[in-house]
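Here come two complexes built around chain A, the first alongside chain B, the second alongside chain C.
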Partner chain A sequence: MRDYGVERDLAVYNLLLDVFPKEVFLPRNVFQKIFIHYPRQQECGLAVLEQMESHGVMPNKETEFLLLQIFGRKSYPMLKFVRMKLWFTRFKNVNPFPVPRDLPTDPVDLATLGLRRIEPDLSAKVTIYQMASSRDSTGTADPTEQHIVGIQSPGQQAALARHSPARPVFVEGPFSLWLRDKCVYYHILRADLEPPEEREVEEIPEEWNLYYPMQLDLKYGRSAWDDYEFDIDEVEEGPVFAICMAGAHDQATLAKWIQGLQETNPALAQIPVIFRLTASTGELLASSSGLEEPCPPPAQEEEEEEDKTQRQQQGQS
Partner chain B sequence: MMVFGLRARTCWALRAFAVSRRPLRSSSRTHAFAKELFLGRIEKKEVFPFPEVSQDELNEINHFVGPIEKFFTEEVDSRKIDQEGKIPTETLEKLKSLGLFGMQVPEEYGGLGLSNTMYARLGEIVSLDGSIAVTLAAHQAIGLKGIILAGSEEQKAKYLPKLASGEHIAAFCLTEPASGSDAASIRTRASLSEDKKHYILNGSKVWITNGGLANIFTVFAKTNVVDSDGSVKDKMTAFIVERDFGGVTNGKPEDKLGIRGSNTCEVHFENTKVPIENVLGEVGGGFKVAMNILNSGRFSMGSAVAGMLKKLIEMTAEYACTRKQFNRSLSEFGLIQEKFALMAQKAYVMESMAYLTAGMLDQPGFPDCSIEAAMVKVFSSEAAWQCVSEALQILGGSGYMRDYPYERMLRDTRILLIFEGTNEILRMYIALTGLQHAGRILTARINELKRGNVTTVLETVGRRLRDSFGRTVDLGLTGDLGVVHPSVATIVEEQMVLKRVANILINLYGMTAVLSRASRSMRAGLRNHDHEVLLANIFCTEAYCQNLFTLSQLDKYSPENLDEQIKKVSQQVLERRAYICAHPLDRTS
Partner chain C sequence: MALVHKLLNGTYILSKCLKPSVASCPFLSTRFADYCSSSLQKPVATPGKASAQRNSAGGLQGDHQREVALDVTSPEEKPEVSFDKAIRDEIKEHFWRLKDEIVNHWIGPEGRPLQEVIMEQARVVWQFRGKEDLDKWIVTSDKTIGGRSEVFLKMGKNNQSALLYGTLSSAAPQDGENSQSGYCAMISRVPRGAFDRKKSYDWSQFNTLYLRVRGDGRPWMVNIREDTDFIQKSNQMYSYFMFTRGGPYWQEVKVTAQIPFSKFFFSNQGRIRDAQFQLLLDKISSIGFTLADKVDGPFFLEIDFIGVFADPAHTEEFAYENSPVLNPRLFK
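Now for the complex of A and B:
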């Protein structure tokens, strides 16, 4: 049914069920009622209902009437129908983050939907840096501009403003996000964690609050067995400053994104941006991966790994 | 499980009063949920499951809701209405065209003919502006309700079509300068004219909403009624008075604290001729008419306030999440979160209670849900005041400024505690009506026990034995210290005791409503039903603890009962009509 595109259409399922002869498969005496009467036909009916279930189609009174006429009240398809009627209504709202059934076809809308799923914070702003230019009807010219949609919350903006220009930020990607049967790819702008020596301890100034002290220095003399701070499962990651979804995964498009970001984050102009793009898997065009800096990629990544292992060792000791 | 818990709680709740759990003969389905609560019985059939409307009805009501909501958000300027003190005529015209002036008028007379549930639903939106809500309520819920409930066919056919379309506006005239809550002491007189075809009405009414705009008044006046035994008594009668009858004048609109857009003024009747066909109900039956009218419109306050609170939560949350202090947004501070939880919880309880009452009222037959409606009104008005105050607090200084709507909403909600029966009077009503009902049944039982009716005795003894084995809760008429509450005979005077009883009952009704709605949401799988369960649990736990404390205060000689001391203090203060303590700086030498 997927070939005809009618797998979500209830009327079609009803018509399919209509194909069964009515009143032939009804059990007539008690022996027929004990055993499954016309088992293959019941299995066939069950298969139709199962396909309805997997596509999330809710059966209606017509279906009930048909099943009643075809198989009778005590048959397995009728039982399945009753179960579907009960559980579908109960499970309709079970997903706390529902994806809408009909996804938008416009890539910009799809990108906005995806970004809102990644960053549900209501104060984050979605900006469309570039709309996809329409394709020519002749199809000779390739679209040179792809859409670029980005999202950034005020907290991320503040963090980026605080970020020191000595440390680079990385554009990483593309990572995939599946929305039902569509896959969108996003890139993130992130920085590494500062090593503990350089980490700024946020000082709470003594005279901050007029009314009550913001920090109490009560030393209870806690020793090692009372220390609940360290959690072996929580890994601290570096801050993520912004996320974007773009049509193409090459450096040029992403550079346009960074330029767009620079309007709201002037600090970004001073910070070196390194593009770390991996080869995209899947449906879109193969992207060019490259680095801005002259260092070869494997050496950089090795250094990264060494840093990470060093940090882990420090954390564990 | 939860029902068992409820039952144990209610038993414990009424151990000073209740004795029996089940009547001798199974009574026919009584539509009195709150009254049965007084006997320690929860009529589960009434409240579980939560009343539902079919999908078609829901679609129909949403069809209504859309344009009205749009109108209220876009075209109604509440600030202007508040400042000028009147509702602009275009707004009134638009309301009339939307059909909001005849929501409960049956369709054959030109109204919308909505059921109670749908009326409550529309009330949620209308309450976005307090003045408009009060004007509409005064017109329909009390003004023309009298004609619908107690009017004859000719009266209905004559008056309802014009009232439903909004051409004429109705008002309800009961309060006088000397009688507010004390309705039976009104002094307006209606005497029969010589030709016995008219009543001459003389008197003045005060604080009449829509007094300046209305053409049709439901006036209550004292008439001479000849009793069956020949004695002439003064009894209250209800009249439908049109402004065209002559002699009807109104004073200037009053300058009020809140709901400034609604028109409240004095109405004077001077030798107004009212034809005898305009008597509502029967001569001398005005008291019952007044009671029925007032009892039927109360429950919609719950949903109206809930609608307003929902809007309030949205506005305040927007502010709390964006404003930053001490480098953190306000929403991260515990005290602010507590306020939001309080608002959400109260809104949920109010909604559940209102729609439960509306559903009970929509049952076939004429169920008597006056106590439930009173409970809804008391709870919602007090919760409204508290929540709006808290919301203003969240905004801090900006909440206090007139630029923001919070102070206007605070002023508008203050009237909720006063009109449609002051909360104190309604608490007395809840407690006394319930006690009357329970008392009637219990005295019947006690009489039967005294007479030595064998079956009754055995039943009671059997029940007590079973309970003493099964539960550890004492179900006797005796209280904690083994004595019946000493003031059972003069219970009407003991207002503080009655207030506590009423509070317990209101909490219980709230708990049932909330549990019913939460369990139905879980079963139906509505979205965010886990959030509803959280709200329900929080409210029930808090209400339970409050009930326990109130119960311990009920015993006359318990240490928590401070009635004696309170009475002494008030007596001494009122004797001197001043604060009598010596000044802290006073010295004797």
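Now for the complex of A and C:
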């Protein structure tokens, strides 16, 4: 049914069930009721229902009526129908991060959906730096421009503004994100964790807010039975400044993203950006083999090229 | 020793990377090396097959254990081959464990003072900070039934998490038996005591499972199996879904999945049963993560740690009630 694209259409399943002759397979006496009456036909009905289940189609009253007419109330397809009704309703809203059933086909819309899903901060802004176009762009070898969509929240903007230019930021990726059955790839701009010496604690002066104290140092008497912390060191990772999804994973496209980011984050112009692009298995490169990209205007000196490890991952569905 | 072990446990198959020296890996009979790869990938366990032996002791073991050709090359040193020494090491190891157990019994449950065990509200059960933590897990995929998914487990960056990655392929194996395929699973090993007795976890004071993971948006399933010696119960497990969000965040917005134990539904042999009962937490044998979402392609899941804690706000005992339509016998 997948060939015709109707695997999630309930009406089609009902029509399929309609093919069965009605009232022929109903058990008539007690002996027929004990043994599975017309077992192969019941298995066939079960197979139709199983396919419905595996595609997540919820059966309706018409299905129930058809199954009653065909197989009877105590048959296996009817039992499976009751189970489907029960468990599907139980698990309908069990996903805390739901993905809509009909995904947008436009890559920019898909990228926006994905980015909104990744970034939990609702005040983050999605910026489309470049729309995909198949027109011939001036000067580049490949004729299609890939779309670049980025997201950054105000907190991240502030953190990037505070970031010292002495330490580089890394563009890492591509990481895969699955939206139901579509895989999109995203890159992140992040910095390494600062060593503890350099971490400065921002002191909020007391006069900043006169209505209530910004810092409270109360020690309520919580003893051991109120301790809900896990006895493990948390994995510390550097801050993430922005995320983007682009059509191509090469450095030129990502450089365009960085350029676009510089408009809202002028501090980014001073900070060296290193590209760490890998064939993603989801892990970040530990070694720093990347190409140091000279950021456009001012003050970036060109360093020697290190070998770029960049392998595209195939199988983007 | 190996024969006795086989009699005790039937075919309990584990696979592990071959370690070059015998002394560092004394568990001869419990470790079956299928093959070893230079990057520390976890080889896929093949259940239901007879044991494969380490090449050193293979030829000296009993003849009802099949030898498997190993392509192990350790260019630096030849492994010290001594069957008797290995046996002696293993016996010593087991007696050491037995002594630990007896001593721990005096200190308190599981070797920790009673006060600490009673008062604790959150316990880290599995963490991934080193290679030995990875050894507590077995990774399987549908290669065992002839499918084509691949899955590997390795330490994540900075040795601070475990990364389970691979490719899922739902192409059904053409063997006439299976019509659907495509799953990958990571299952924890059953904890063993002295002389490889089965131990179980006791989580009766906790009520929520806490996982700190970072995934790629795919829905996973968490399965918990109970410790039982009944054969009829050996295929039963309690499962629930774990939905990952995707994205790079781990630190700021933890993609934690807090699953209360009341939400686990009961299934036998992979089918949800009609008669549901809540998961009893006093004898848990293993936990597992499965991915079988019928979507082909690569996946990854990074796990920081797995813990259990007692959520005081969660008062539900069991989330699913039995329906009289499906289970008239329960409602007589």
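The criterion applied here is as follows: the second predicted complex is superposed on the first by the 239 of 317 C-alpha atoms of A that agree within 3 Å, B and C clash if a C-alpha of one lies under 4 Å from a C-alpha of the other, contacts with A are read in each partner's own complex, and residues count from 1 in each chain.
In this section, contacts are C-beta pairs under 8 Å (C-beta built on N, C-alpha and C of every residue); 3 or more make two chains touch, one makes a residue touch a chain.
These numbers come from a predicted model, not from an experiment.
**Student:** Per the contact definition in the header, classify A:Val94: touching chain B only (first), chain C only (second), both, or neither.
**Tutor:** A:Val94: touches chain B and chain C.
**Student:** Between chain B and chain C, which makes contact with more of the residues in chain A?
**Tutor:** Here the partner covering more residues of chain A is C.
**Student:** A:Phe175 contacts which: chain B (first), chain C (second), both, neither?
**Tutor:** second
**Student:** Quick check for you: in the superposed arrangement, does A:Leu79 touch first (chain B), second (chain C), both or neither?
**Tutor:** Only chain C is touched by A:Leu79; chain B is not.
**Student:** Would you check which partner chain A:Ile36 touches, where first means chain B only, second means chain C only, and both and neither mean what they say?
**Tutor:** neither
**Student:** Considering only touches as defined above, state whether A:Ile118 meets chain B (first), chain C (second), both or neither.
**Tutor:** After superposing on A, A:Ile118 lies in contact with chain C but is clear of chain B.
**Student:** Looking at A:Ala255 after the superposition, I want to know if it touches chain B, chain C, both of them or none. Which is it: first, second, both, neither?
**Tutor:** neither
**Student:** Across the two complexes, what residues of chain A are contacted by chain B and by chain C?
**Tutor:** 90-91, 94
**Student:** Would you mind writing out the residues of chain A in touch with chain C in their complex?
**Tutor:** 54, 79, 82-83, 86-87, 90-91, 94-97, 99, 114, 117-120, 175-181, 183, 186, 188, 190, 224-232, 234-237, 239-240, 243, 280-284, 286, 313, 315, 317
**Student:** Which residues of chain B touch chain A in the complex?
**Tutor:** Chain B residues touching chain A: 321-322, 326, 523-529.
**Student:** Can you check the complex and tell me which residues of chain C touch chain A?
**Tutor:** Touching chain A from chain C are residues 119-124, 127, 156-158, 160-161, 163, 165, 167, 180, 210, 212, 216-219, 241, 243, 245-253, 272, 274, 294-302, 304-305, 307, 309, 320, 323, 325-326.
**Student:** Please output the residues of chain A touching chain B within their complex, sorted ascending.
**Tutor:** 89-94, 122-123, 208-209, 214
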